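You will see chain A twice below: alongside chain B first, and alongside chain C after that.
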Partner chain A sequence: MKYGPLVFLAAFLALSASWCGFVLTPQIQLGRAVQETNSVVTSEMYPQDRPGSARQGLEIYRAEGCAYCHSQQVEQKGTLVDVFLTDAGKNSMAVAAALTEQHLGTFSGPGLAAGLPKPVLRNASLDTAKALANLLKKAGANSQLRLVPFGPDIERGWGVRRTVAEDFIADSHVMPGSQRVGPDLANVGMRLPDVNWQLMHLFAPRSVTKDSPMPSYPFLFERKKIGKQPSPDALQQLPKEFAPAEGYEIVPRPEAKALAAYLVSLRADVPLYEAPATPPPAATNAPAVTNAPAK
Partner chain B sequence: MNATCTTSSASDAISTGEIDASCRVPLFTLLVSAAVWLVVASVFGLIASLKFHSPNFLSECACLTYGRVHPVATNALLYGFAMQAGLGVALWIIARTSQARVAQPWLIAVGSKLWNFGLTIGVIGILIGDSTGYENLEMPRGAVIFLFLGYLLMAFFSLVTLHNRRERALGPSQWFLLAALFWFPWIYFTANYLLLSHTPVRGVTQAIVAWWYSGNLNLVWFGLVGLAVVFHLIQQLMDRPLFSRYLALLTFWTIILFASWSGIPSSAPVPAWIPAMSTVATVLTLVTALSVMVNIRQTCGRGCAQTENPAPGKFIAFGTMAFVVAWLMNALGAIPEVSAVTNFTWYTVAQSQLNVFGFFAMTMFGAIYYIVPRVTGMEWPCAKSPRRHYWLAAIGIILIVLPLAIGGVVEGFNWHNLKMTNVDVAKNALNFLRVSTLGEVLILLGNLMLLGNLIALSVRYYKIHFVPVYRDATATLKPAEAKP
Partner chain C sequence: MNSSTNQPATSAPLSDSAAKDTTVPIWLIVVLFLLVYWGAVYFDEHGGWFDAQVYTPYVSAEQVKDFQVSGGETPFERGRKVYASTCFVCHGPNGLGAPGTFPPLAGSDWVNEPQPGRMIRIVLQGFSGPGLKVNGQPFNTGSAMVPWASVLSDDDIAAVITYVRGNAEWGNKASPVTPEQVHAIRQKVASHPLSFTPTEIEGISPAE
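Here is the complex of A and B:
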């Protein structure tokens, strides 16, 4: 390594290698990715474009540097399988006997058919779950396997599956974040879909989350004197200590509305082939229509 | 003082005095602006840190919110102080080791001005909400062009200086600097072109490019330049050659081969091979840390600061230790099992602070305290201030890194503990952060001392060298006017 050109060549080759590895190859692999029907349960395109206001909200998210305290990456440790009994079949006694034999608790034949689908095995490995499904099939029952990703992030309710590259296709600039001073936001729209809640949280975080260490963003809002009619946009239900004086109201500026729209649009919960997850039963079975109150 | 360079006995050799004189203009431009940005960085860093004591502190003003103040602090530290000081010190080392006068010193100074102009635009851009949102690359497009052109000017004439060297064979410091000078424009252009041009890369590729850039800047560029300074100054301070050139070669190769692949966290939502490769490469940088440790230890023997003025030696010794620890922390944090706890926590912040400030900035302080008296031929106005700065900076950075590293690990475990709500975890981590504010205050004080010293020295230099010249020039005029 005595000579200049040699040192230069070494540096050139090393940097080219790293550049080809982490700049060129990802671009070839992911750069042309488009929205696809890569979803497990529907044939809808994923990811859907965000609505216009949410796209503007991403700009506010960037300008205010939200990503310095909030990540948008849900991790998972692995996936476990639940077995749901969907149909007890004709011979429910045999099914119950088969389940009892597997030490899955005590089941009675007649009770089995009630309240289906119901879980008969939770958090098992895929092999165990498949074996049970076969067993049930032999006994004449039908079952369904549900994939349940697990990990601390998912148990915190930050998402139903891990975040993957596909979730970001529709966005620019992509800000996955590197720190969690606050919770992960990859699915905040799933967790907290109420726009008014989001706006109140931006205006005064401690008005909705006690002791929250998040700063408030009062400059995204306007304090206005209530005119002839209160503004339809004004923040509703602000607790007393955060509410403006009598006769005034807090109206979100367009920036706040856009940011709230963006936050509500953040949900990466569609199951994908590279990140499968079966939505919980409540989500798939729409609320029972029969009990709906007559209008 | 100049004992190290008296060996060059050839009659046509350029004296060290001449070399130092040719450095003066660019070095002062770079170092004074670096010191100004250093103070800017620590003021904004302190504001950002105070936000954790009271969330509504300065929250009324959009441009003083955490999301803007924090990137300003990082950018001012990285591009304002670290890179400018690095380029200045690198220039001096290149000139001294090459025994050549600096080529086009005024153009290098112009490059520094362009760089500072771009940086000012960039910082204002971030403050008014024009940040790009990519970490370490927040400055908007308009600013980046000036920074890039400024860098090209500075680096080009540094390379010309290196090219004019008397001895064709290159020493370790020169390998490191040559590679670093060439490295930055490539990564900076790639990242900014792919992220900020009219047709940027899409989706998560953006994040990959930004991570790749950050890894290359923080580990490769700072590693190469910082270690070049350490290697050069250790030899000067100890007045003996480096223990092993081969170990230095190993350090060099491991940095350019492995550290250049680091930076992508194992949690990244990207195809699995990318974080896997990055993890392997990052763990292999352990070799870098160990080779530096052995080489410096063996070179120093027992007394690392046995010189007439021990302050530079102390800074360099601290910087070397911080380098080893920071790179160990980095390699450790890349292992998936560890990363599952430390990722997204203050641990990563502690690591990067230790690398950028504990290692790089401390090394630069040492170099500045060593070089400036030689280049100006003047002692520091306050002889004790280098040592005071050392203690302030050393205690300051320890008070930042230690609580954040411990707090980060605790925070990581807390996120796994479902009994704690989000607010509980965040509030628990704040206790550690609040200790680090004290460190920020100490660092700010130290930085103010450095700036004050540099300015006082410049003023004194100006008084000694320019005022008499000006007086003489004006004095001859007066009698001439009086006569007719």
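Here is the complex of A and C:
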């Protein structure tokens, strides 16, 4: 080992460089992260501490290895901007002329004021949208920009925007996962908020999803003889081939209840500063779906 | 080089001396420079300069800031939403509070001060302790106001104070507050670990 110290130094440098990159830098960046931005566009606090049972459910999620097959991170490829006309102003002729001049279609002055807010530009870049908003403002109209994140995950309905570190700030164990044998769960509480569905899916995945490859977790449940009255916790509407024999019922153990509480507490639908998005207005449904890029 | 590989015992010194004579080929240097250049460009485009608030597909803090479109709502309207998600639990939907427990915001002499300095401090750091009087009414129950500095952004705090101070329905008509004012006071009170007490806050000029 003529070059022993040199080899040692090279190995040491290589390892410490990757340690700096993978451990130290993220720790400096996010280690002491506090909740910096709360979103109020939807009039609610986010992210919040999970309720107690959901926090226990996180431990069950961890213990049962759910993260081996399920990720909790929604990916986003980009953000497009829609421009909605909210107020045609006094001189709607001028607004219509400005819109027509931008080759956004033919608009007539009187028709413009009907059915507001209405989209005048879709899937544009932020600069284009802002330029149009300025133009409309000059013509005396008011407009609203709506941010539409897009990407394969968002098209699948797994979330409305990408997942960021702040989504996990209330969790003591973070379960982002990396494998996607099953679907992403970042927003599962919004997609499948029914606790009974979640419990049935845990007890017998194929009772609710025909071709699910997910293992069943019957040990989180108890088969009980029905006493004087059926238990209020017992699984409802279990299909025949999964249901227990007559006179018996399937009752979730506390672990199953906690896990289901955790699953329905998972959500990533609230815009944050670092992941801006415009929540779909209550009147019209989910613009994110209509704006999915054709592919 | 080929012959030396077949001499196990003496090959090391031989190849060493052979290595001394060869120069690093010029193409390797070019490739290395290209790699470093590509790395620098990649870092510039995707690194976000290690900002904790920049995630792909955004490339810089400025770009994330550009994407904060308020959806056309005024600070007052935004403040209404912040109020509905935070303050109203104690201060009530109409800003009346609860007698003796939670001070009112509607028509309060604290809210309607010409300068918002004290109010911003109270929202940021919280407020507790005996001796508080609002419009002459004592509030001595010991219920404390929680600090919001770590939860609400400067924009949100400015919006909600603007909403409370300018709420004509509540009989308030004080001046609006800008995020810059909140930011300046946030820096000042960063070293103040505890919630403010009435005597302490009365020692601070509202204009500060």
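Worth a mention:
In this text, the second predicted complex is superposed on the first by the 245 of 295 C-alpha atoms of A that agree within 3 Å, B and C clash if a C-alpha of one lies under 4 Å from a C-alpha of the other, contacts with A are read in each partner's own complex, and residues count from 1 in each chain.
Basically, a residue touches a chain if its C-beta (ideal position, glycine included) is under 8 Å from a C-beta of that chain, and two chains touch if they have at least 3 such contacts.
Computed from a prediction, not measured in an experiment: that's the story for all the values here.
A count of residues in chain A touched by chain B and by chain C gives the higher number to B. In the superposition on chain A, contact is made by A:Q76 with chain C only, not with chain B.
After overlaying the two complexes on the shared chain, residue contacts for A:V164 are found with chain B and with chain C alike. Contact with both chain B and chain C is seen for A:Q29 once the two complexes are overlaid on the shared chain. Of the two partner chains, chain B is the only one that A:P218 touches; chain C does not reach it. Touch criterion met: A:L126 reaches chain C, while chain B stays clear of it. Residue contacts after overlaying the shared chain place A:C20 against neither chain B nor chain C.
Legend: residue contacts after superposition of the two complexes on their common chain; A:S143 is shown touching chain C, with no touch to chain B.
Look at A:P152: by the touch rule set out above, it reaches chain B but stays clear of chain C. Residue overlap on chain A between its contacts with chain B in one complex and with chain C in the other: 29-30, 33, 77, 162, 164-165.
Of all residues in chain C, only 50, 52-58, 64, 66-69, 71-72, 78, 81-82, 84-86, 150-153, 156, 159 touch chain A in the complex they form.
If you check the complex, the residues on chain A that touch chain C are 25, 28-30, 33-38, 40-41, 43-45, 76-79, 81, 86, 126, 142-147, 162, 164-165, 273-276, 278. Interface of chain A with chain B (complex): residues 1-4, 7-8, 10-12, 14-15, 17-19, 21-23, 26-27, 29-31, 33, 61-69, 71, 73, 75, 77, 152, 155-156, 162-169, 171-183, 205, 209-219. Contact residues on chain B toward chain A in their complex (touch as defined above): 51-52, 55-57, 59-62, 65-68, 70-71, 129-135, 162-163, 168-170, 174-175, 178-179, 182-183, 186-187, 190, 194-195, 200-209, 211-212, 216, 249, 252-253, 256-257, 260-261, 264-265, 267-271, 274, 277-278, 340, 344-346, 348-349, 415-416, 418, 422-423, 426-427, 429-430.
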